[in-house]
Each structure stands twice: as structure tokens, then as C-alpha cells.
Amino acid sequence: MTFLIAGPLDPAAELASFEDRIGDAGAIVTFTGRVRAASGSGNVTSLFLQSHPILTAQGIQNAIDTAHARWPLAASLVRHRIGELGVHDPIAFVATAARHRRAAFLAADFLMDYLKTEAVFWKKEVTATGTAWVEPKDTDYADKARWNNNTETNECTE
Amino acid sequence: MAKLCYFGRLTDVTGTAEEVVGLPPHVSDTGSLVSWLETGRGWTGLLSDRCVRIVVNNEIQDHDIDIRDTDEIGFLPPVGGG
Amino acid sequence: MTFLIAGPLDPAAELASFEDRIGDAGAIVTFTGRVRAASGSGNVTSLFLQSHPILTAQGIQNAIDTAHARWPLAASLVRHRIGELGVHDPIAFVATAARHRRAAFLAADFLMDYLKTEAVFWKKEVTATGTAWVEPKDTDYADKARWNNNTETNECTE
Amino acid sequence: MAKLCYFGRLTDVTGTAEEVVGLPPHVSDTGSLVSWLETGRGWTGLLSDRCVRIVVNNEIQDHDIDIRDTDEIGFLPPVGGG
């Protein structure tokens, strides 16, 4: 499975092909993350996403394995952009399918929290006033911590 | 020769994403590599930042580890995707 | 907004058009419910869905209004099939868009719980051995009850 | 004449989704309508089931309500969509 997409990511096309390979699953949840113009550092005009040649895909595969071990999923899909993105371009697409909706919702939520906080990507925002590398927000870590049994918070945020 | 890879915001300082260097004899582990680079290049605190993870041959290392002149060593600042 | 669809429902096409009307929202969650072959009463060959001429759309609109009052949504979409459906046909499609993913996930989950337990539809399953009207499962009511402040359960299940 | 509408599983018993009937004088509210139909048609318990909701002119009624010979009255068994 190719997780990393250098060209445009098309959520509707991804959903259409995902529907064809989920067997008798009755529930599909998708998440699409898009580049927002309004960011903490101003009006974003473009975004650059860098991945690691080995660790990025390895980490996503581990998160998928964890999700399948935790919830009875019929199928799942993770796609993540790398390279240059424009405003409102889809960055990430996650789809999960299960017999019943609860598992599909929880697994999609879990995978997105992984992508937002632990996945190996570096993100640079380009605004009118310059460029800035973006690191995860505290709210992202708080979301991710919901899935852990401990209350550990990331030690790299203030 | 060792291959050094810098990711994310580190490249703003290093000016390059990859370089191939010969390691001097006293640079035998990740700790001494970080000191050697920070001192020699004037990158004070850049790589020894506790939030920068060190990867040797694609394995994340939480502690100092011996390195050899043929290894690939990556420096990873905090990540943020989605 | 037309909630009720008598012809085929195409989740990918719905997602594609939804993406075009969500402004600067950074997060889109969709849910697709499909007809499952394996049901409690055997192997389903088709399904018939009946709606009420007034109350069905009115109830969906109320649920959407509640969702928008409760979470900061940029947009939402509900589509529900009526009439005859075959196995694996999409029955329901919900999409929500928000600045951040938490609101989009919660609102989609809430709207699906509404559709599963309170929405005014009657569902008849056709199997090899006959037809059977299906009423909500206890798990559906339990999911719905998560959104209430009280612990009231539906009095029409055993 | 009043219009009666049956939904979902009720139509398996009533045999029809809609019918137009003249209400006799003693059928003046939803309670007496239910009794009259259940007795006259042999539908014992079908419409008086506490899970069957009664709708008069598209408004759900939780209690007995007066009806007139021009009303539209719907009988709704428990619903289940998605």
C-alpha cells in the first residue's frame, strides 16, 4: 500500500475505490484534512510536506496494524500528501470500514490522531511574510493522549 | 564515509538536507558526533536539543550508540503531519 | 436541501460536491452506511425503505440544526435513500466540515446516531425466507443515549 | 371524510397504506378512533401498542386529541433508518 502521494490527492476517487474492497462492511468513515488559508502564522499561500524515506511509511503501517488489532475493521486506507500543496488541497485521507459504525468511527479518529501528532512529517507553511516550520499543537497531543492508558504528554511542547 | 541527513527545520540551519563526511577517530558514537558538529559548525544546541531524535541506519536511537564511518545518521526535529 | 434520494446514492460524488462548498474548513468527516448481506434475520437480498411525507425531512432538519448549534460546523450534508435497495447499496451518507477535526467527527457521529435510531424511516428486509420489518437495535439506542444528559432508554425495546 | 395512513409493519396487517373513511359520530378523538378500528377490523393491539405513535395532520400527538372528519391521521410504528 502506498501511503505517500506526491501528486494531487482526490478524496472522492479514494472513497470510490475503497468502497469496492470492503466486502460486506456496513459502515464507512472517511476523514479528509485540507490546507487551511487561515493559520496561526497568517494567511497561508502554500505548504511543503517532507517525509522520511523509511520511517514515515513504517510508522503509518504500525498505526494501521494497531487500529486493526483494536477494532474489528474490514479494511482501512491511509493516504498522505508530500511535497508542495496549495490552499484547500487535501493533505490527508483516512478511510475505515467495519460491520458497525462505532468501530469505523473510532478507528478513523485514532488514525487521524496518529497522523496529526506522531506521523513522521515535517510541515513548512509559506505565508506573505515568509516561511515557518509547523510543529504539533497542544490540542493535537491532547487528542492523541485519549488513546493511551497513561497520561504522558509530549515532552517537547512547553 | 558517513551520510548525515537533516530534516524539517534543521535544514534551515544546516543549509543542506544531506551530506557525506569522513568521521574523525574521536567521533565514535552519536554523542560525540553531535558535539563535533555543533562545535565545528557553530550549530550550538541545534542537534543536542532533547526534542531532536537521532536515527542510525533508519532505527530511532533513544540513547548514545556507537557509529561507524559507513553509517547513515539522521537528525529529526519534532514531527507534525495531517 | 434534499435529504431523501429515491435513486442510487453515490458517496464519492456527494463528497466531491461537498468539498466545493466548505470554505476554509480543514476537516471533513463522512459516514456511509451500506446494505449488509449478513443480517440478524439471514441473508438479505434487498431492502425497502419507507419515509413519512413530512416528518422524515423535518426530523433530519432538526437534527442538523442541533448539530450546528452544538459544534462549530462550516457545513453539513445528509442524504438518505428511500425505496428499493440492493445488497451493498449505500443507504445513508453524512458529511460534516469544520475548522478542526474534533467537531467534524463528533457531529458526523451524532447525525448518524440520529439517523439510526430516531429518523423517521421504516425498513423492510427481504431474505430468501421472506420479508421482515426491522426496528432499531438496543446498541443503536445506547449510541444515541451518549448525546443526552439523561439516561432515558427507549421504552419500545424489550 | 378522514384520511388514515399506516406505515411500516402496520401495513402488513392493514393491507393498505392509506384509506379514506367516514368517521361515525362517537369517534371524536384519537383514542376512540383506535378502539373503533381495532374492534371493527379485528386489529387487536395493533394501534393501541404504546410504541405506535399517532400523528394528526403531520403533528405527533403524545396524548388523546380531538379529531374531525377532515383530518389526516397517521399511525407510526417504531422507526429505524441508516
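Note that the chains take the letters A, B, C and D in the order they are written out, and that residue 1 is the start of every chain.
Just so it is clear, contacts are C-beta pairs under 8 Å (C-beta built on N, C-alpha and C of every residue); 3 or more make two chains touch, one makes a residue touch a chain.
Just so it is clear, the structure is predicted and the values come from calculations on it, not from any experiment.
J.: I need the common contact partners of subunit A and subunit B, sorted by label.
T.: none
J.: CA centre of subunit B versus CA centre of subunit D: separation in Å?
T.: The separation of the two C-alpha centroids amounts to 78 Å.
J.: Quick one: subunit A and subunit C, Cα centre-to-centre, how many Å?
T.: Averaging C-alpha atoms per chain gives centres 25 Å apart.
J.: What whole-Å value do you get for the distance between subunit C and subunit D if each is reduced to the mean of its CA atoms?
T.: 27
J.: Go ahead and note the Å separation of the Cα centroids belonging to subunit B and subunit C.
T.: It comes to 51 Å between the two C-alpha centres.
J.: Two or more other chains touching the same residue: where does that happen in subunit C?
T.: 33, 112, 116
J.: So which bits of subunit D are touching at least two other chains?
T.: Residue numbers touching two or more other chains: none in subunit D.
J.: What's the complete list of touching chain pairs for this entry?
T.: Those chain pairs satisfying the definition are A-B, A-C, C-D.
J.: Can you list the residues on subunit A that touch subunit C in the complex?
T.: Interface residues on the subunit A side: 11-13, 15-16, 19, 24-38, 88, 99-102, 104-105, 108-109, 112, 116, 139, 143.
J.: In the complex formed with subunit C, which residues of subunit D make contact?
T.: 7-9, 12, 50-51, 55, 58, 60, 74, 76-82
J.: For subunit A, which residues count as touching subunit B in their complex?
T.: 33, 49-50, 52-55, 80, 91-92, 112, 115-124, 133-136, 140, 154-156
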